[in-house]
Each structure stands twice: as structure tokens, then as C-alpha cells.
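We call the chains A, B, C and D, going by the order they appear; numbering starts again at 1 in every chain.
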């Protein structure tokens, strides 16, 4: 008959109207500021620098190798290497970034920097409401604003953080073993270490200062 | 000469005067509509409800829209028209003649000495008008109906687009 | 020095019959610009419409408002650096864009893809197809005036799929998930069960949709016989995707190229017979049902295993010089990437075949003779996304 | 029981008694003027507040139909939302396009709202609660209804924008072509009641046989007439399947595209008032005005104006329900539907009412029912069959390729 399609449609909206009072999966509205959706673990927004231990400046894992600066598609990372060195996560003295800026108005949170970073120094944060009243300086995060503790990293991405930590601990163990092996046969070849220390400014073995 | 009569008369006269005097054609038509509305108010004030409502429905509802349509569609308000056309002399003469005849007719109607104040006509209900239409005036009603339908069909044919009029296409080939 | 005379560009085929009527009484025509800021042009897209009364006499699409120089930027980026940019092409289905680009580069460099990665690619691509068709059908009905009700039902289902993408790739719409030779990250624990649940619930939404509007007389009246695309015109204008299949063209790249592991899944390709807006609307609903079948089979027998061969390094990827053209069946049509590599880390030439733009070229032929209300509905049924049209 | 009756009586007439009390105090000279003002003021208060409540009801109803909440931030359950909208409309800048014709642009909403309000003069809200009992009440209602088109066109033309012109042309065509079926759909009720005055029509439907009321709805021509009236009323007040003049997705907002601030709010007020007025007329003609739906004492105790507003609420919910579901008709279909389907049906309905009136009365007037129902049902069946033969409006089957 002519009008049945329209009546079926009307019945459908009426059903939805009454069901929305009853069934939970139909009414999916979440009142944002008061209620929030549970944070999905793999979510990513803007990058942040990870540091171990308490002090953010000393514990920073980043060694200013500038790979992420080269690989970043929209070129929003700016790094200046430091002159002196400090021990990095594994204990080897490495450079550290005197200046590490990310312009988050340019960053498109594509996490390529996380993928190419060999030192697990930069990870993706989940913080999304970053309101600021200044379009330029407010959105240029410097070293201090970017660095967050490893505990925070465990909080937001638990599985990924544990995997990174196990890899780092293995590396630290390997480096410690290598140092122990290097210390043991020291009396045997002092000349070799002296020669190698003179020729290359960057010492090859993990000799702690 | 009660207050309402004065107001309604003022609206009608002002509306029609503005219709003549205004420069912008669209404003003239709207002023004319105000005049019609004033006239309808006068009918209602005299208690002739049916005539008042038909006046609103026919004149303010339909004729005004037709006039507004015509004016708005054709006039581009760019160039201002001059108020007095060259033939204003003839216009004045004809207007004067019409006014004289009307004045004489009204004066004769009140030939008896006292021009009694206008007593409201006996309030005829719609029922009586309906009966009159259906009994005494049924023939003129049918004829007018026929006339209107013919006019309607004529208008449709004139307005029909030559492109999709089947009859024209055969002649074209 | 002989002066070089440039050949005058050929005038595109002016429809002869209309020129006559237009020149006959030009002041009767009303030139109207629909867009670029217009509620139903699905983005910044303008149509210069010449109306005779309410009937369309001439329609000139104007676009380029969203041109971001995508292909020139790609020539200065590394191969990996281009991957996030492909998300922004057709910003509703980012995963199929990624897959098309990854497929092209894998064909160029000859990189094998492990089994589990292929299954994950099929699952995410078919979920994107559900997403795109549901959103499109919702928008089509919104253009017709059903004030948002079908659109809200479609978006409620879309939210479930977007949550799946966020759990897998980290972002809802800009997934950047595929890599050359596989996928970036494996499905987290419980993701596959969640996906199975979403796929199991989806038919309920489709039935609700069909009951709401498919047999609706007003909808049939508004779409049947409107914007008819003939088979010959579809073939000659290289129309692809649901729009071509609605005109009865049996051309689905999943069946033609058999890329990825599609031959393993049994699914059918719906074909329309009239090629009007109603057929395009119905084809998309039937395609959603076919995608559900593929998803059930893929989610049933996805194997364990690596998703990216471990020795492939993300950086310093230098394919050998050569050229290749990789294409997939994106929800909007045949999405292709044509790459020329000169051995350096940046592609020498990077060209995208955008299905929306090519489907858009026949918009004037579809809209002639209809009135303004139909132009909006026909544009809705062509399913364009300006990110892909303008690149 | 008598006490209940007296109370019921007084509660029902509380407004009428209040008016007489007030009138007794005013000096005689001002008597007619005062009585007019006293009966107009509640009208000016009640219906705009009903407009406010309807906007909330509409947005929450549509929201719930689309499985979302609807406004609930302003006030408890979002009930203060109309206040917020009102203030916003007042504060917003009133932009008048440079090329616009200032005078006409200003007067359009004024006339629109004035015409919408004047139409309430003849609508009986409760037992002897009608502002003026004209013996040509329904004719007055339609006369005022036709003034609305003039203001729509003034708005459309004066804003000097192509979209508003298109919207105005559509609005005029739609209103004129649905005014005729609206009038013809109400003629049967007038024929049966034998008078054009709305109060007489309501009194003609007053009595009950057993508990069933004598509403005109419960007659074959009443059902068809009510259906046609409903369709024409939706079209007349530019509501959903017929909201072409302001087709958002095509010509954005039609004739009031160049209006902002309070003039825009006035247009909305006038549109909703027009909707209430036409539904009120529908209630008066077919649903027995302010009479209770069932004859039982529990219902008749409830005051008459409560029933009137309950039925009006029913109409409003029906319009919202339609708006949430149906897509829009195209212009030529809309006109075709009016002139080719609704008008002939309305004329046939008038013929059937005549038939109904002169057929011999019989127990439960079953003969009249069968004859009239048959005559009315015939064209609908014929129409749907012809549509089937002409292969129109057919759900298509699709073949699949492997």
C-alpha cells in the first residue's frame, strides 16, 4: 500500500525514542567534562621526552643524535647539542640536548619520531587538552615542558613501557658485563686503551669518569 | 464619527495617498495593501462580517500578492521614475469628472433633509447570505464560476512554457 | 628566435542544446554559486549553477580550495615520511589510503608481507569501508532533509569502529598504521574479540537503517530516476567504485587484481541496473553486508606470527630506481599510487589517482535538467571528500 | 457529588469569572476596551511561552529519537534553554544587508507575527473562553492566514539575495497551493455543524453516546478530512516533509536567510504560532475542541482548557515525530501531491459528507459507514495499483556478481 514505508520509518523512530530511555547501548552520550570515556591505552597525541630517576635534567635519555629531527615529516623538532657530556640511561657518557623544542602547532602526532628513535628517549603522550592563550610561545614546548618521568610513561602506556624497560635493563646488564670484562684484563693491555683514548675523542669502551 | 472610524478612515486614505505619492514602486504596492486593509476594517466596523473577511481574503490575501509579484519581478529599483507623467492634465480632468459623479450620487442618496448618521446595516449572518446565493442568485453564481474556470485555464495556457507544450512541437517539425 | 605559438586549449564539450536555450533569453537565467561555504557540499567545493527557474541549465564544479600541494611535498619527504600524509588524502578512510601507498612501495621494492599483517590489513580496510558507507548514507539522507536521525544512527556505529582503530593504531582517523612490508604494531590483547563483537552487532544497525528509510516513499520519489549515469558514460569517464557498480559495471578491483589475500574470502559484488541515486544508495548498503561477510571470515582465521619482517629498518629506505602503479578498491573507488624512484630516499615522482575527483567529472552530465534540490542529492551520492579531490 | 460539580464548574470557569470580576471594577466608558485587553493579554502570555516549551520539547524529542540527550545544560533538564535562546536572539547583532530595502525588510517579520497572533481571535480554548465569537469564524481564520504569504514574500524579496528569493518563491507557491486543500478539508466539518462559527462547531460535537464522544473524527469523512487537514497543516506551517522554503541543505534558510538577531527569532515565533493556530483549528473542527475524550465522569471533571492544551500537545508531538523521520519532498512533487492527490480527495470528501448527511439513519448508522468508507477507499486503492503498474516507487532487487 502507498503509505506503509513512511509508517515503518515512523515506527522505527518511535522505537528509538522509547528505547533510548531504556537500553544503555543505545544512548551512548557521555557528558564530557563531568564523565570521561576510559583512556584507550594505545592513544597518542603529542610527543614527550622520558627521563629516569628523579632529576629530569640528568636522567634524560635523549642523546641529541638528531635522527628524529631529520625524520620528522613536518620538521617541527629543533635540537641543539650540548658541549659537555653526561652519562645516559646505559651509563655511557653521551651528549645531551642543550635545547630540544617541539612546535606542537606544527606537529601532527604521527609518532614517526618514536619509531626511529634508537634510544627510546621520545614517546607519545595522551594529554589532549593543552589550552594556551599564546599562539606562538604557548605552543612551542621546550625541554623542560616536554620531559616527563618514566613512572608517568608506565602510567599511560603500561604494556609498552614494561617492554621498553626490559629492553633497557638487558642493555644495562650487557653494558655492565662489558665494563666488568674491560676492567678485568686492564693490566694486560694498557697501551691499547691509551692509544684508542687519544685517537678518538669519543671513548669507545664504557669507562666511567 | 467615533474614534475607530476615524482611525480606519485615516489608514485607508493615507494608504491610497501613499500608493500614489511614493517613489519606490514596491512601497506603493504595499501602501495600497494597507489601504485595502483599512477598507476591510471599515466593513467590519459596519458589522458586515462576511464582506470584511472576503475583502481581507481576496484583496489583501490574493490581489495584493499578485500586484507585489508583478511589481517585484519586473521593476528593478535602479532608475527612479518621475512623479508627474506628461499626460497629467488628462489624468486630472478624468479624476475630477469621476469625483463629481460620485459626489452627486451620494448627495442624491441622502436627499431627505437630515443626513442621519450611518446606522449599521442589519447584521446579516453568513447563513442568510448562503441561502440567498443558493436560491435567488444561483444562476449568476454558476455563470461566474464558469467564467472563472475559463479564465483560469486560459491563464495556465498562456503561462505554459513553449518548450514542454506538446501541441507546439508537432507544428515545429 | 621563432616565437612559440601555444596551441589554444580545446573547448570542453559545450552541450549544444543548452547553449541554444541559454543564449536565447539570458536574463531569464539565474546564476547561483552553491558553495564553497554551503552546508551540503561535503567540504570546500563550489558549483557555479545556472538556473532556469529551478531547473539546472549549466553546472561548473569549482574546487582547489583544499589544495595542500601533497604531491610536491611528497617529493621532498622520505618514503616513510609520506605515510602520515596519506592519512590526510581521504580523511574519512585513512587506513585504505595507507594500504594503497604501502602496496605501491612494496610492488616497487619487492618487499614480502607476512600472513598476519595481510589479515590485519584486510580487517582494517573492510572496517574502513563500513565506516565510510555508513557515514555516506547518513549524509545522503541528511541532504534530503531527514534532519539528522539516520546520520546519528550511522555515527553511533562509526564511533564503535573508531574506538577499535584508536585501540589498534593510536589515532581515530589519522592512523598511519601500515609500513612497507606489514603493519606498525600488532593487535593488542582482546582487540580481536572486541572487533568480532562490533562486527556481530553491525547487521542490527543495517536492518534498522533499511526499516527506517529504504522502503520510504518520499525517499524513493526523491531518488529514483534522479542523476542517472549510463554504463557507457561510466566506462568512458573512468568512473570506479560503487558509482560504477550502480550503473551495472562489474568492476571491483578486489576481484580484478586479487591484491592482498582477497581471493581467500568468498564475497559477492552487488550490481545496480538503473544507475540512479537510489541504486548508488542501495549498492552501498549491500556492500556493507558483503564487507561484514569478509570481516567474519578474516577475524575467524587470522593466524599468529610476525607483522613486519624484523630485519627491515625504518630509516634509510632506498628502493632501486624504477616506477610502479599500485591500486586498491578504496570505499570511494580505485585509489592508485604511481611512484617513480631514482634510488634516492625521496621518490622522484609521487602521483595519487583520486577516485573522488574522477567520479566528480561527470557531475554536470548527471545534474542537467534536474532542479537545485536534486543537485545536492546527486552530489551526495557521488561521495566526494575534498581532501582527496584537491590533494 | 454536588460539591465536586460546583468546584468543577468554578475551576473550569475560573478565568471567565476572573475576567468578569475585573470588568466590574473598570469604569463603564472603558468597558469594551478593557474587556478586549483582558482577554488578549493571557493569549499574548500563554502562546509565546508554549512556543518556548515547544522548542525545548522539539530539541529533546529529536535528540531522544536520535539516541542523544538534547539540551540539558541550561537549567534542570535543559528547561531554561528557551530563555537562553531568547537572550541570545536579543543580544545578537541585527545585520541588515546593505542592498536590502530597509523599510520592507523591517516590516516583514512584524506583519508575519501580527497575522499569526490575529488568527487566535476565533479559536475556542475552553468552555465560553473564546475572544470573539464571530459567526464567520473559520472564514476569518483563513482570511488572516492568507496575509502571511504577503509578509513571506516581502522578507524574501527585500533581503536582495538569490537564496532568499528562491526561498520566497517556493514559500509562496507552497502556501497558496496548500491553502486551498486546507479550506476544502475543513468544509465537511462546517457542513455537518451547519455554521461557520467555531463555537457552534464545538457545541455540535459536544454530546456523548454511552462513553463515545460525538467528535467528527469518528466518521469516515472525518478520518479522511482530518488526515488531509493534517497534511495541509504541515505544509501550511512549513514543517518537516514540506519544509522546502527553508530547505537547509539546498537553499540554506530560504526567505529568512538575511535575518539575524531578534527579527530571526520573530520569524521562528510566527512560524510556531502559525503551527499552533492551525492545529488548534484542527482540534476545533475534528477533535471536539475542548470536550473530554471519554464521557466518564473522571474525564469531564477536568477543566475544558486542560483538554484543549492536551490535544495541542498531542499535535506538537506528532509534528516533532514527523520532523525526526521523513526526508523532504521536492518542489514539483510537493505541488503535484497537492493538486493531484489532496485536492481531489478533499472534493470527494465533501461529496461523501453530503452523502453521509442524507443517507437514512440506521442502528449504529452502519449503512452510512459502509457506503462512505467504500466511496473514500476506492481512489486510494486505485492510486496505489496504478503506481505499481507504472513501475514507480518500487523496492528494487539487485543481482550479484561472483
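Keep this in mind: a contact is a pair of C-beta atoms (placed from the backbone, for glycine too) under 8 Å apart; a residue touches a chain by one contact, two chains touch by 3 or more.
Small disclaimer: the values here were computed from a predicted structure and weren't measured.
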Label of the chain whose CA centroid is most distant from the centroid of subunit B: A
Between subunit C and subunit B, distance of the C-alpha-averaged centres to the nearest whole Å: 61
Separation of mean Cα positions, subunit C and subunit A [Å, integer]: 33
Distance between chain centroids, defined by C-alpha means - subunit C, subunit D (Å): 45
Interchain centroid distance [CA atoms averaged], subunit B/subunit D, Å: 30
Shared-contact residues (touching 2 or more other chains) in subunit C: 149, 153, 156, 212-220
Subunit A, residues touching no fewer than two other chains: 2, 6, 9, 12-13, 16, 26, 28
Subunit B residues counted as touching two or more neighbouring chains: none
Chain-level touch network, classified as line, ring, star, complete or other: other
Of all residues in subunit C, those that touch subunit A in their complex: 77-78, 80-85, 87, 149, 153, 156, 159, 163, 166-171, 174, 176, 184-185, 188, 208, 211-220, 314-315
Touching residues (chain side subunit D, partner subunit C) in the complex: 62, 65-68, 162-163, 166, 240-241, 243-244, 247-252, 323-333, 392-396, 398-402
Of subunit A, residues touching subunit D in the complex: 1-2, 6, 9-10, 12-14, 16-17, 20-21, 26-29
Residue ranges of subunit B touching subunit D (in the complex, touch as defined): 24, 26-27, 30, 33, 49-50, 53-54, 56-57, 60-62, 64-65, 68-69, 72, 77, 125-127
Subunit C-facing residues of subunit A, complex: 2-6, 8-9, 11-13, 16, 26, 28, 40-44, 67, 71-73, 108-112, 115-116, 124, 159
